[in-house]
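First the structure, which I've put down as structure tokens, then a few questions once you've had a look.
Chains here go by letter, A, B, C and D, matching the order in which they are written, and residues are numbered from 1 within each.
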């Protein structure tokens, strides 16, 4: 009836994201909701459970290429990782190796560890990290997609940064400790979590892209995420010519040594810089940054990076 | 959590696809509903787990209306509810039914 | 260096060690019966910030580069209260520094370094995830506190009464702080007591598999019944 | 014979004013008072028992003056009688807690509703009455004229002329009542400038001004983030637009604030346009500059808006749309609460707003136990003005429906309540008895604090449908019409199903499907903006939302 707006990635459920990212009708879910593998730990605390424990995993096609897709549901317990939830992600990463997937699409939408099963969640995230390394070692690129309501925080903020590419929307957030936690412990002067503009200048898609932590800034549009993920997948090396292999590769060491220098340089930024605004000022960018749309913003940064 | 089991008469629609379907999300004021084939073509089964206590009468009323509004005989609806209002419950059930028809 | 850390090193490496502490970061070597091992870690319940994360990753990279084709084991001493809580650190992308550290640790594993973590003091949440928890073998020393969050804070955030949490913590290892809980869940391989010969025990850990066996361990020990089976089902199941 | 009494003095008020000014001399340089001297000045000129108006509406607040008053010694300043629109600041409450003020006549106490109720119960405060805005403004000229008013303005010049900027709000009516009845007018300003953009209050009406250390506080009360609009609210907005706006051809209207009405504003340019309603409904508004109205303005739906006050972040947008908004020569919004309330009461054909509770007679209230919120402007907007004489199609049609085919001598304002049947699992909107009755008993009030009287309500919109109360012919029908849209609340489940179906057949109750609305179409995709960022885009970058609403 009406001309429909682009389908918001942020507003879509994990299931709808999966549907929109993959070629139509190509998705097969593993351990789907009908299996009812819910969290016994939530139930023990009389908290609501979900049929898929808040994460959808399976395989499908992206531009006719076999991919594994993992999508956390940010609205269920803040997308937090519990025992079942974590095991599903780990299993899916390992299965990507088995089925020789062309890539893994990891839709991170999580505050980190689920407190109701905190110990299981913490170990699970460590296991996810190991499985992710294994997939990468097998030459399968893992692409993080961040644009949900919870962003990528805690252990899942680390996991997102382990991926080969990180696609983020302006609404997406990426960090370690949530602003509320910092405010609670260190006081409102350190971090006013109610100042949304500040929160986004510290953790939001634009500043993450500016610092090179995100590969690309995207519109809040599932189709934009799909197109960017496909491009990343096609641009990545295929299994045959992967530089990642068992044993010490001089390549890998040098890459990490270069990353070390890069991160050291960033940490040496003027200690007075505590706000994304200052980072942009430091780069000679002004107020105009705020209203630039993602395409314009990527172009602006690419021009500087060249 | 409170649980509720309800079996209600309803017409059957043979054209509905027999696959299972999950609709909605368990988050504050919302619910998820899993639709699956049920045991009896003339009845529909509801399994509800809800965080809101003391609302079994309201649930009964909402689900009765739903079962009489649509031909959902032969289906089972399993619901995890995190405090949805009856309006949201009805809407999600209607949407789930609609998805069944179009999938 | 604190007396306790020095005593720990003396006990682990009676044949000698040379470990420097600078800004809550430990770095050096210890002598075992099987040869030298790298010692890398944190002290005084360090809140891991970008500086510490960079010092740790630099130490790991140096170890990998120096050893070349003769990778020696790395012993991590974990003593961390978690990640630093700071706006500037978040702005810098602390999670990215942790990811980098994790990559370096994984590089060391790929290069054939055996990785052993000894928890001496505290091991909390993000600070633990970044390096200690990634080792091939993880050991809690006596008095080690391992946790994500204490129960009072957890009660406040989850709005579950504290009394209910403490009651449940009595029989479930899944959320309450405690090295023994992590042992039951397979996240910690061994709990050492005060009376054993730690040098010999460490020695025994310096060889072994690089596989991640924690989920299986958790199932065997009964503390984590689903992680292994669920991952296996996803890996081999049919939908 | 009534001969003039020989000894009667006819200018006692003016003499008293002179004495006050005399006592203030040491603390002022001409009209300008240093912030540090403000407490001394107030202590010098105020007298126990004075009627004081401390300007503060739900937007701008004379916060510095309020804090200064609260810092006065209760030995010197006490038993004041406050006559003011809104109690919003903690310092307002301190005045009563310290005994500086004792009696209160007011309209609204949203943020301080709990504290106010506690003060009433501990007898620390005497409440004269809780008013609507127009009522209180009226009494400023009859029996509640302030002796001293403490107001807020944007800027002053050296002589004491004042510029009010976008938030004129209550200032003119307060100053008018005070200055022309020998009162003292004291203003706090954000800045002193050599030349004002325009003079809103002439220096001759102003006795003192102070440049406050920080700019006066303004709450962005009328900003609703479209992110939080639900599908249910979209559905209700569709019903309201198709079943009421289109049906009656409502051209002149006021919206209450809330997500329900924000949804309507955001559906006009999409759903409304698809029904061909552009230019036919919602053309003239009495409304604050709601950011959610931007898409409808840009789409050409909205022709004119007059405002009670302004809204933070809308300044540049308003200045760039002078054909739509009332603006001064300097470009800034000209708002005026008293005039806009009058406009809402007499010149609008419809009010639509939400409430927390409604009873079987259609009476509604936002009062809940332990809170005295008061009324604000809704009762004026949401009432049929019996003084109205001019006709319009919407007014005539509603009047025809009410008269039921009898001789029609008047029209009827459309007063629409749009509510979800439950606002939370344990809080049904429809109730047998309003909490307001209990509150009345607890607080010793003369009447229950009812926001909108049931006999003024023309329509109730819920997710279940629309009840047209104009068509009800008896209290029983009215009750069943309300039950018939009350969903699964206890009130709704106690409906007489036969009677309700009867009412549906007569069009008294209409379900979405009766209006040709497919519930499946009610998705957030219909919203012309789904985020604050979308609103900024729609405004061409002119709307500058406050930081708590931005994510950039």
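One rule holds for everything that comes next: a contact is a pair of C-beta atoms (placed from the backbone, for glycine too) under 8 Å apart; a residue touches a chain by one contact, two chains touch by 3 or more.
Here the structure is a predicted model, which is why all the values come from computation and not from measurement.
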Relative to chain B, chain with the most remote C-alpha centre: C
Identity of the most central chain, Cα criterion: A
Averaged-CA centre spacing for the pair chain D and chain C, given as whole angstrom: 59
Where chain A and chain B are represented by their mean Cα positions, the distance between them in whole Å: 33
Length of the line joining the C-alpha centres of chain B and chain D, rounded to whole Å: 42
For chain A paired with chain D, centre-to-centre distance based on mean C-alpha positions, whole Å: 44
Chain A residues counted as touching two or more neighbouring chains: 32, 47
Shared-contact residues (touching 2 or more other chains) in chain C: none
Chain B: positions in contact with at least two other chains: none
Residues of chain D defined as touching chain A within the complex: 270-271, 274, 521, 524-526, 530-531, 533, 536, 541, 547-552
List of chain B residues in touch with chain D within their complex: 29, 52, 55, 57-58, 61-62, 83-88, 91, 94-95, 98
For the chain A and chain D complex, residues of the former touching the latter: 1-2, 4-5, 8, 11, 170-171, 194-201, 204, 206, 220, 290-291
List of chain C residues in touch with chain A within their complex: 50-51, 54, 57-58, 61, 64-65, 68-69, 71, 83, 85-100, 102-104, 106-107, 110-112, 125-126, 128-130, 133-134, 147-149, 154, 157-158, 160, 164, 168, 172-176, 181-182, 185-187, 212, 214-215, 218, 224, 226-237, 239
Residues of chain D touching chain B in the complex: 230-232, 235, 420-426, 463-464, 487-488, 493, 519-520
